[in-house]
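Single-structure report; data block below.
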């Protein structure tokens, strides 16, 4: 892409109202205005183009990007690391196992400040327990607020990026959306398209995060799409997120529909996103059992859920279902890794032939946007006039590779 | 702060005699002259001001800062990481669990050289066993000396920063001192002030490091303060450090007093630092038992010490004791995390109301100096003419954030 | 070294035909032409001189160097980290324990792409199982090829550096060769010199990698040396590598000889490299047992091998053997850590007095080349006109230390 196109994107960015993002956290997409969401896509694209054109996007000469992963992660860890690196921040991981956090007297407020003296950004994944992850992020955010504003303890306010909580997974849903925008040839082409976010059977695990389907219905309903959420009875997501989806759909001129029928969701869909998740009610129960340290209860719950799952083995993304989509050519999506029938398990979320057809490039491209989305989220939170700063980078014309 | 003020600090620095710090390690504060100690404070303040003014302090274009943590750490780990980052060094942790060090034939000398080919600095925490930590650091220092001087193996001599040993904790005591200097409005205001370094009861652990109280009495006696060390009988610190404190006090026109009475120490104190530690004699015994792999003996010793601790539950920093300090307003200090009565344990080092009153900003600010102190220690060891280099940075006027 | 000498080295580099290295991996030395091998030595030396002259060698403004260590490592880990750092890349380790790789559906192809969106280089150590390490590296290479070429998923093709596989250990053998070149005063002086790569007894381990002796005989036979491989019967290395060594020797005018007699190998040798390794056939058997999860079989095999090893305690590099080398002054080499008789074990690979005589500088210098060799391998794979780029760095004249 030529410098002229990048400058055109910067001009578009300059027209968006984004002051509210400055020194603010990115925890849920629904906390952000449409223009702010648009700005993140635009900055992500600008950063992507600048990197392609070998233009340095280093806006930090030094500074730390703290990461706190309370669950395993490969792609989000590397995406965060890539995003920080392309902006000039150095990642320092808070490994709670190697720290003194368990030690008496240490609180979230204390740790958050102690690690933030030179932190520009904090990325957190905490998706294991319903009611916990988002609450933890809010507590960290309030803690560094106190450290920055009241105490003069922190020279700068590190801003937070939610790398997946119990409620939303914004870096995933925004990357997914960017992939859809790219595939459909522009954000204006999303209106009227049908997206099916459907549950799918996955034998080996009973507790996959709800934040992926919730993130998708909470975000994609904003663009005038017809979003259908499909799952077997009992696999409900959080009601407040369904409500957000409904309101979004109404505002955007799209629709939000629920069904317990996978075929109905797939019928004439332009995009399908079949993926396993755990029932919200069960996850809530699990959090309570965990709180009571009732491990026998957790084991029992797990067995019940696996038995319940096993009743829905027919929730698989088959060739037959794919054939029923618009012209039989719906875009198949997944946040990866997927459970593929006959490959990673006897029976899973998706037929091997379907998965293979979409693996490279579509599924890998879908994942490739995440570093840029995270970098854009950080960028918007740290620069008051993002368009000016990006134009400044373009004028500086530093090279990424000598 | 204006550039003019920073230049004034640089001018002050240029008047100090600091040649002895160049290519030298920072292991104990008492190895350094008064002017050298003063230089570290001054450089720390300059770096802090430059960062505040968005001036890049990157003096290394590339280079590694090795870290070796033989004990858990949160704040020191992040402080070291922040310090290296602000100077342009990349931290590479030597995780002894993932290395081949246990492997036959590997010695301290060998490992020290093998990790140092591109290392500019090595930060070490080794505080677990009396008689071990400092000895280990000396061995590493001698090893890289051999590698640099005799062998031509190392292009540069990596300098060491003691991130806590069995004897001293200089990055802590220097940060604490910088906090006191800031609170009292200048280093000249320390003379004549009373500082009480006192033992305090902490139930969950019997073996907290001696290096904190030793670091404090070994450093703060240099500024003309009246330093009182208070602890129950049997909780003596190393006699050689008490001797250093006495000599310091004599030289500086202050005093160094010992007492077994907490109230006496608090009486009219300007600054109080109540903190648990283990008796030196017991820690020495523990090291010997460990050397003999006598784990039953260690268990027995631990039980004895916990029982002994339990006799001194009255050593708590209460509101009553605080009221007895100068105008009831002594500065309460702690290296954190603290054991807070009724919060992190049933009964601990400090009453919750006292701790809460000092939490933000004082206690968090106390911790906030550590990254700058570490950066200043590194800076002084790597630049022959630190004032000229800092002025050069000021003239270069690179921005930390674009 | 003066800038003029460095420019002379750059001129020499410009005469070498190295187009084949651009965007290519470095997996085995025998995949590379003589000119390409020569280019790596030359670039390593240029980078070493530039660093010595305080000239910045940062060719990457940002970018990641991925590391995957499937076995413990100290010196290679730090060498890779140093190499990346001196070129401007940030190391991001793929810790398979903290990732989602075990998770259903994740394949090598997928992981390789997911971590590579902003990766310029991938360094891999995978030396544990015969038939596995090199195969894994090939699979990673093909995966990122697909991601880059077919899918447009990866903006850049990350190139691979083999940090030790089951077959070759090119960063070790190339560093060893650079040490020999330095000690003998130039690559032209290697012809006609006798190098003895011999097995040695090491009690504590029965399974040291074959890749070190294989790397040495596969590389050093290219320079007209008389290379002797000595080991007890039953400790054969891979036959295909012996074949490569023979062909190399024929082409270079040197020789490749095998013997089961250590004394014969040492007789009149200019260079000796006594080191333990496991028999190839046994390692192959072990891989198969591992594949069948036959852990009893593995235990039994280990006992057999230890018993077999114990019959060859006389394979020790003694003073007597050293005296039989050319003028009693052969260069003793080891990749470290060594098993030293009476130091790290009762009886080992080398007598303490021999080892001590060569420790500093020779053995440590031998190790010191590895960061530069790795950096040179990366450099050659990422720059189409390496001589021009290096001259550009020299002209830019950025300083490593301000």
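Remarks
So that you can tell them apart, the chains are marked A, B and C in the order they are listed, and the count of residues begins at 1 in each.
Convention: a contact is a pair of C-beta atoms (placed from the backbone, for glycine too) under 8 Å apart; a residue touches a chain by one contact, two chains touch by 3 or more.
What you see is a predicted model, and the numbers here were worked out from it, not measured in a lab.
For the two copies, chain A and chain B, the CA superposition rotation is 120 degrees, given to the nearest 5. As for how the two copies chain B and chain C face one another, under half of their interface residue numbers coincide. The distance from the centre of chain B to the centre of chain C, with each centre set as the mean of the Cα atoms, comes to 41 Å. Those residues of chain B in touch with two or more other chains are numbered 58, 90.
By the touch criterion stated above, chain B contacts chain C in their complex at residues 58-64, 90, 92, 94, 98-101, 103-106, 110-111, 113-115, 117-118, 146-147, 150-155, 382, 389, 392-393, 396. Put simply, chain A touches chain C in their complex at residues 51-52, 56-58, 69, 72-75, 77-79, 81-82, 85-86, 88, 90-91, 202, 204-205, 336-340, 343-345, 348, 360-361, 364-365, 367-368, 370-371, 398-402.
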